[in-house]
Amino acid sequence: MATLGLIEYADASPEIREIYDDIMATRKTDWINNFWKALANDPPTLRRTWTSVKEIMAPGALDPLTKEMLYVAVSVTNQCGYCIASHTVAARKAGMSDAMFAELMAVVGMANETNRLASGYQVEIDARFR
Amino acid sequence: MATLGLIEYADASPEIREIYDDIMATRKTDWINNFWKALANDPPTLRRTWTSVKEIMAPGALDPLTKEMLYVAVSVTNQCGYCIASHTVAARKAGMSDAMFAELMAVVGMANETNRLASGYQVEIDARFR
Amino acid sequence: MATLGLIEYADASPEIREIYDDIMATRKTDWINNFWKALANDPPTLRRTWTSVKEIMAPGALDPLTKEMLYVAVSVTNQCGYCIASHTVAARKAGMSDAMFAELMAVVGMANETNRLASGYQVEIDARFR
Amino acid sequence: MATLGLIEYADASPEIREIYDDIMATRKTDWINNFWKALANDPPTLRRTWTSVKEIMAPGALDPLTKEMLYVAVSVTNQCGYCIASHTVAARKAGMSDAMFAELMAVVGMANETNRLASGYQVEIDARFR
Amino acid sequence: MATLGLIEYADASPEIREIYDDIMATRKTDWINNFWKALANDPPTLRRTWTSVKEIMAPGALDPLTKEMLYVAVSVTNQCGYCIASHTVAARKAGMSDAMFAELMAVVGMANETNRLASGYQVEIDARFR
Amino acid sequence: MATLGLIEYADASPEIREIYDDIMATRKTDWINNFWKALANDPPTLRRTWTSVKEIMAPGALDPLTKEMLYVAVSVTNQCGYCIASHTVAARKAGMSDAMFAELMAVVGMANETNRLASGYQVEIDARFR
């Protein structure tokens, strides 16, 4: 078989269940999405990735909604279908309204455009920006 | 010559000066950065790009700081040197603290990592995310 | 019709069959995957692409498994679904174990993250790296 | 030393000189640009790459100017500084006017924007496009 | 619900219908593809995007077929499934033959290859290209 | 100032010095490259990134040379100048010969080409690859 299966909670080792439990408790949900069930095929990657995501996405100088919208911005730029779908839902849950989503998309689209205009016109960085 | 020159205010046509004036007034600055001076080689692109950027980056459902950080997130993902430099300065001006910058970078880095884990593990989109 | 059909062996010209035969002989398989059947719509592209792939992927200073894993690394970074699926299977066939796959994914994920941290922090290249 | 040197004509082996001669004759120039001098560190890559480029960029169903502009479009999208610089010059030499360059940039910028709007809005492919 | 619905003509506001009418009139078709029906969830983005696309894709120094092929080149490089499908159809409609499509693909593939050879070999930009 | 400075060892806090010491001990070198000196502006990111890199790049099912070459493959695909320079040096140090480098580049170039041919020809994934 080419791709690995998903590790369901019922079939998971105690080590993996502990992480699944932490994901559900941290996110206040009662289910685990496929991303984590796939990473569970490699417990060290599951643990390292979850630990990093948990630390990075916790409220800090930036609020959770802003962080989720940044996640969407990167995922859209990279054309990652899974990540666009999952983080758009996460951003909605964190409070993103239709109007916020519309502006998020507008900024992401525009930034992708002007990134190419800047490089295509071979614009040199202004001294004041260094 | 391979690349086009930059159109300085002193050498600009009335049509271009009008846009330069609007850029400076809107941004409350007294100078024009190289990006616009390069686009000025093609007045329709200068006008269209500025009109869109002005409309999109205006305060709305999202505040200007959030929009500038989204711009940085996209530019970093695309590795656009000019855009990283200019929009990081713009985000600073809009109020981005060192702590905010650090979290912005952490989220952008992590999103770029998990985007690839999701695609590399060929994770299917959960029914709940559709 | 928007997309071109797949050229099956039974319907292929002698020129295309010769390449199909070489693909199957080189890869020790008895079937042709869709990628080549699509390229067969343009025989010069089919021939040039196969000749290059055959030359590049042959054992040399790097072994076939390493080359297939590099192929997966690029395909994952580019989010190419077809290439991820086909080259993950090819790497498995060349000997990639579950543990190797897990480490491959971990490196690819991390590299995509630090690529953005390096550009986002606008890190200058060290003199020793030039 | 981290990076390989450039192989100048005077220091090149007969095998490499033969390719350099063909590059200059095909392009009707009397010099070799750095890209080829770098690839010359690996003669098989130099030969394979030049053979492919020569075949692909020759006039055919598409004229040389269109091909060079397509090359610029890809290079700008990928943010490859070297390729943007070299292929913009090549497109100029093939007849690209200032007005054509301006429109090329406008299309490349817009396509990069709508690519993200399409993925961010998770637009499904219309049945008529399949 | 995670994703927004498509706004059909029958359900559209007068403002949106006006844009849909202009799209159909400009493109000489009697239907609206999903991209615009999705953007219609945010009328300002629909209006701005259509206005820009209409202006940029109009015949000018470059003909419509060349512009559509450039659009395909960018979309393929970015791996945007929706955009590849829709703009390949548009290019066909604008006159792209099978032979033109084959050469377009060959150039896009080659440019993506040499973009990486140039950066991987860390090739410096020739003085003549600046 | 737009960009953050580099934190030199002499100016670093005990927390940062501890990480710098671990980097030098792990890598058997007596200096710290700019990437880490830049991340040190945010100690949590410095710590998390180093901990992950150390864990991921340690010898395991894949040897250090293979891991460094994978790192180069991703960095080249993403056009990250800093990462290409630093990881090419690291791969050299881990034993990458000129011949290995040449083949690495050839595979990365080819994969970037066929990724686009697969998406441009809209090739469906073979049942056997699922």
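A, B, C, D, E and F are the chain letters, set down in written order, and residue numbers restart from 1 in every chain.
Everything below uses one rule, namely that contacts are C-beta pairs under 8 Å (C-beta built on N, C-alpha and C of every residue); 3 or more make two chains touch, one makes a residue touch a chain.
These figures come from a predicted structure and were not determined experimentally.
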| item | value |
| --- | --- |
| Partner chains that chain A and chain D have in common | B, C, E, F |
| Interface with more contacting C-beta pairs, comparing A-E to E-F | E-F |
| Between chain E and chain B, distance of the C-alpha-averaged centres to the nearest whole Å | 21 |
| Computed distance of Cα centres, chain D from chain B, in Å | 27 |
| For chain B, residues that touch 2 or more chains besides their own | 2-4, 41, 44-45, 48-49, 52, 56, 77-81, 85, 88-89, 102, 104-106, 108-110, 112-117, 119, 121-122, 129-130 |
| Of all residues in chain A, those that touch chain E in their complex | 79, 85, 88-89, 92, 98, 101-102, 105-106, 109 |
| Chain A contact footprint on chain E (complex, rising order) | 2-4, 41-42, 44-45, 48-49, 78-80 |
| Chain E - residues contacting chain F, complex | 72, 76-77, 79, 81, 84-85, 88, 104-105, 108-110, 112-117, 119-122 |
| Chain A contact footprint on chain B (complex, rising order) | 3-4, 31, 33-35, 38-39, 41, 45, 49, 52-53, 56-57, 60-62, 66-67, 69-71, 73-75, 77-78, 80-83, 85-87, 89, 97, 99-100, 102-104, 106-108, 110-119, 121-126, 128-130 |
| Chain B-touching residues of chain E, taken from the complex the two chains share | 2-3, 44, 48, 52, 55-56, 129-130 |
